[in-house]
């Protein structure tokens, strides 16, 4: 009987481990933030479920499986919420969802390093500015790809001009509609 | 064998993250990486068989310290604009320091070798005599609360002073400067109310977090846990609530006067236990005189002072968080 | 194999160096405070790596399990105290930093020194 | 059963390393937040497997505390982000109407 | 267990017991009163402890009833009783003196927090002095430093904040160095009790770790004690703290770190590491000499009176370091006596400066002209204090310099050099004291300066003069201080009484 349990938990654990590894690998390989987010959060919950289930089988009838169930329930509730909230914040802050430009070459992601807290000196016409700054940042991004990584971080810090997080100022509903409009703008 | 492999992995990661913290210019990134630093440190402690310390480091290092740093960052700049000042002197001093330590520890006892002096002198006494003298499964709690209870008393007063300091520095709410009046501003900025899903899930979890904190508090004698960890966990629950609902609502849940009263009461309880044991003829903090049977007295003493420590740490963490969040965005 | 035993002390030395360098070289106040937490974190690692014993487990005595080898509880107690001391100092320092930002308008030590020199 | 735990914990450890690497090089801030969140959940799993590996399964409270702290950390980051964005716009408004 | 046996614990417990009460009860004027009551009670208990230890016996008090190396033990001998008396005495004098000046600097709202921090600062210092456990010294060092940060940051000027920040960083680095030293000692001996450490450190075969531990402990405590090259936090901290706080920390806080250095060095390392005294001399003498000269030079060119006195404290700490480095009974007696005397002199002078600051609203030497005539009593106290700094006979400074010179004489040619250095630095002291006195008595008050006519309030003058007269009294009847100091020196060196 416990040989069966051992085999079952071994299978569960190893697949869970594999899922988790795939998640990690995905986070490294994915070109753009939202796809990375997708890879991480999906395998997060999936991998965790498998591993914790595998451990529960090993726990026997002591208090341990209940603790594992508590952990599983907690993870199951919080990590999707955290991923959702993170994605929402990223979208509102103007992280570009584009990951391919017209020529098919992977578009380096938008540099939304938290720009310095200088008040955004842009003029009132925010959207047009964000489009120009979008193009400017993309051009700069291309240059940055060539420069070695350390220099890139220095260049991006100095030149980073954050597209104004204007969407956050308005209530969320209008922002979501507007945000949907904005990425299209950026792609042109 | 297992510990060597894992600690090798984790320690190298620790150094990589520390170098990452040093090199990044963006303070926000540094705070996030210091959160990872504490988590790796806590995982390392767990592998080195220090379960209590791992729990404390996780809850306080990764939890409370990140939240405090973010609170401070919200009120100050988040860019480390200045280029590093003349790097020769700091480089020289720190490498001299490192050199001296490496030179000194070449002869130090290996990790985990059983006949190191440390395992020979004072530690075996604690491990042998605790079941008989204090009869508490968790020897760390026994040493923390009873054998070296005076240290923990000093510890509680260190936390008490931190609360006093933050209150006297950030106590007085500053007059507003800019045009946007306060409540409208706070409505928009201070909470995550318009994020519907986190708000629902978060508020559902707050009672369970506080319950888990109380479990850790009273489970301290049998498993990893105790006053410090429990206080930080309960405070984390309240902090989660005021993150979601916003500062003013958070301060309604746990008002200022209550949390600072909790702080003073916890420290006062701890000292009272000591004074009562003096009054009953024993030495300061000698719990065996507290009741007819010494072991029972030790149990009672440890329970009360752990409650005192829990009260103080909860009160301090909540007061400090509210002091930072009430300072708000002026 | 012997060198692996000393790996913890080597990492302790490296973290101290990084922490001290971060405190001395960086003029931003919050960056120095993070350097201070790394500096203190390294000391916790030193103490806890003394308590490990081969084949030992955490010093929580389980009923019914005979002649277990336990790790040394004393450094763990000391470090429990040191962690809470560390967080108290950080909290106080952050409160002072917020007040400095409000009084001086900046948290770069060299700018603050210039402002004081003009006074 | 021993090597199963060992294999899983190695897999989790490698993912943690990948998360740290993403945390260090992640161009945007949100990558770093994602790395921290992922790292936190992986530590929870790592602790659960290790406590089984070392034969002390009653240390799972740690893993639960980790999961909880990780969630609160991410929410604190989001609130920080939101307040920063709004503060910048408030200053921008002040700048505009000056 | 009669009350008499409980005294060693009571000296700290009274302060720790009253601090939460002071913080909780927010009645008008109550915080100052409860702080005052607790500190005076603690002072009385410290005096009775000194009375019992003057016979040379040491009191051992086991905390929690656990025996020595396993539990924490309080170890009180002549030296710790003397230091406890100094700390609680300075604290009560500063509190009486500060009643009025603190009232306006510390608002009604933060008064409970301020005075609770004051109580805990005293408790931390006294706790450090009487405990016999190496890690416990670290815990109480943190209590006293954190509360000192809180007290200093209450200063009115915005520069108090930046000096508090610098003090926090340097103080924490110093305390962490001490912690590393204790960690290494624990690794090679397995125990934390100072007496137990003293025996077991000798049996350690590889002394490399013990040497490095001694190095870390000494450097850490040197930072906390503001010994010369590591003193940069002290002048600003003393200058921008509230006046009453400066009086207290100037008199007590740096001395305690020097006390811990002395006890750790002589109790633990002296009899265990071969020729440790030469290492100690090699470490402390250059620092002491540098402190003497640099401190005095900086004081001479300083315009702000409080910072002038702070730099002179750096110089005086150089004297104490010299005394410690001469591992002879006379040298140690000189160092211990100078700790006590300097506490009294500097406390009195800072009180006088506080009275001047109250009336003149500034501590800049230039515009204190005419203070001699306007505030005769305050300036007289300042002059007597200044003479004490120089070491004129009939002042406490003279006693300690006398013992230092005695000790230096029997050190051969190095001693002769030290005597010369001590005399030269006394001359330098004359210069910077005279600079203040000359402006006060002979300077013409500037036309636009607001004319100050009446003297400082009595409630501030009386404590100042009590402290100054106490200084004169112990300069004449040296039985108490030198008696305790010589017994302490003998016990430290292991010479029979």
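By written order: A, B, C, D and E. Residues from 1 in each chain.
FYI, contacts are C-beta pairs under 8 Å (C-beta built on N, C-alpha and C of every residue); 3 or more make two chains touch, one makes a residue touch a chain.
The shown structure was predicted, so the numbers you read here are calculated from the model rather than taken from an experiment.
**Student:** Steps needed, at minimum, to get from subunit C to subunit E via touching chains?
**Tutor:** 1
**Student:** Starting from the defined contact criterion, work out which chains touch subunit D and subunit E both, please.
**Tutor:** B, C
**Student:** Which chain lies the greatest distance away from subunit D when centres are computed from Cα atoms alone?
**Tutor:** The most distant chain relative to subunit D turns out to be E.
**Student:** Taking each chain's centre as the mean of its C-alpha atoms, give the chain farthest from subunit A.
**Tutor:** E
**Student:** Where's the contact count highest, between which chains?
**Tutor:** More C-beta pairs are in contact between B-C than between any other chains.
**Student:** Cα centroid separation between subunit A and subunit E, in whole Å?
**Tutor:** One centre to the other, that is 56 Å.
**Student:** Centroid of subunit A to centroid of subunit D, CA atoms only: how many Å?
**Tutor:** 12
**Student:** I'd like to verify one number: the distance from the centre of subunit A to the centre of subunit B, where each centre is the average of its C-alpha atoms, in whole angstrom.
**Tutor:** 30
**Student:** For subunit C versus subunit D, what separation do you get between their C-alpha means, in angstrom?
**Tutor:** Taking the mean C-alpha position of each chain, the two centres sit 20 Å apart.
**Student:** Among the residues of subunit E, which ones contact at least 2 other chains?
**Tutor:** 135, 139, 142, 146, 149-150, 153, 186-187, 192
**Student:** Subunit D: which residues touch two or more other chains?
**Tutor:** 16-17, 29, 33, 35, 54, 56, 58-59, 61, 64, 68, 70-71, 75, 78, 82, 84, 86-87, 94
**Student:** Out of subunit B, which residues touch more than one other chain, so two or more?
**Tutor:** Counting only residues that touch two or more other chains, subunit B contributes 26, 28, 51, 73, 77-78, 81, 101, 105-106, 108-109, 116, 118-119, 122-123, 126, 148, 151, 154-155, 158, 161-162, 165, 169, 188, 192, 195, 198, 202, 205, 223-224.
**Student:** If two chains touch, include that pair; go through all of them.
**Tutor:** Chains touch in the following pairs: A-B, A-D, B-C, B-D, B-E, C-D, C-E.
**Student:** Given the complex with subunit A, which residues does subunit B contribute to the contact?
**Tutor:** Going through subunit B, the ones touching subunit A are 25-26, 28, 77-79, 81, 188, 192, 194-195, 197-198, 201-202, 204-205, 208.
**Student:** So in the complex, the part of subunit B that touches subunit C is made up of which residues?
**Tutor:** 3-4, 7-8, 11-12, 14-15, 18-19, 21-22, 27, 30-31, 34, 37-38, 41, 44-45, 48-53, 56-57, 60-61, 64-65, 68-69, 71-73, 75-77, 80-82, 84-85, 87, 89-91, 93-95, 97-98, 101-102, 105-106, 108-114, 116, 118-119, 122-123, 126-127, 130-131, 137-140, 142-144, 148, 151-152, 154-155, 158-159, 161-162, 165-166, 169-170, 174, 222-224, 226, 228, 313, 316, 320, 323-324, 327, 330
**Student:** In the complex of these two chains, what residues of subunit C are touching subunit E?
**Tutor:** Going through subunit C, the ones touching subunit E are 16, 20, 23, 29, 32, 36, 39-40, 43, 46-47, 50, 74-75, 78, 81-82, 85, 88-89, 92-93, 96-97, 99-100, 103-104, 109, 112, 116, 119.
**Student:** So in the complex, which bits of subunit B are touching subunit D?
**Tutor:** Result: residues 2, 6, 9-10, 13, 16-17, 20, 26, 28-29, 32-33, 35-36, 39, 42-43, 46-47, 51, 54-55, 58-59, 62-63, 66-67, 70, 73-74, 78, 178-180, 185, 188-192, 195, 198, 202, 205, 209, 212, 215-216, 219, 223-225, 229, 233, 236, 239-240, 243-244, 329 of subunit B touch subunit D.
**Student:** Could you list, by residue number, the parts of subunit D that touch subunit C in their complex?
**Tutor:** Counting only subunit D, the residues touching subunit C are 54-56, 59.
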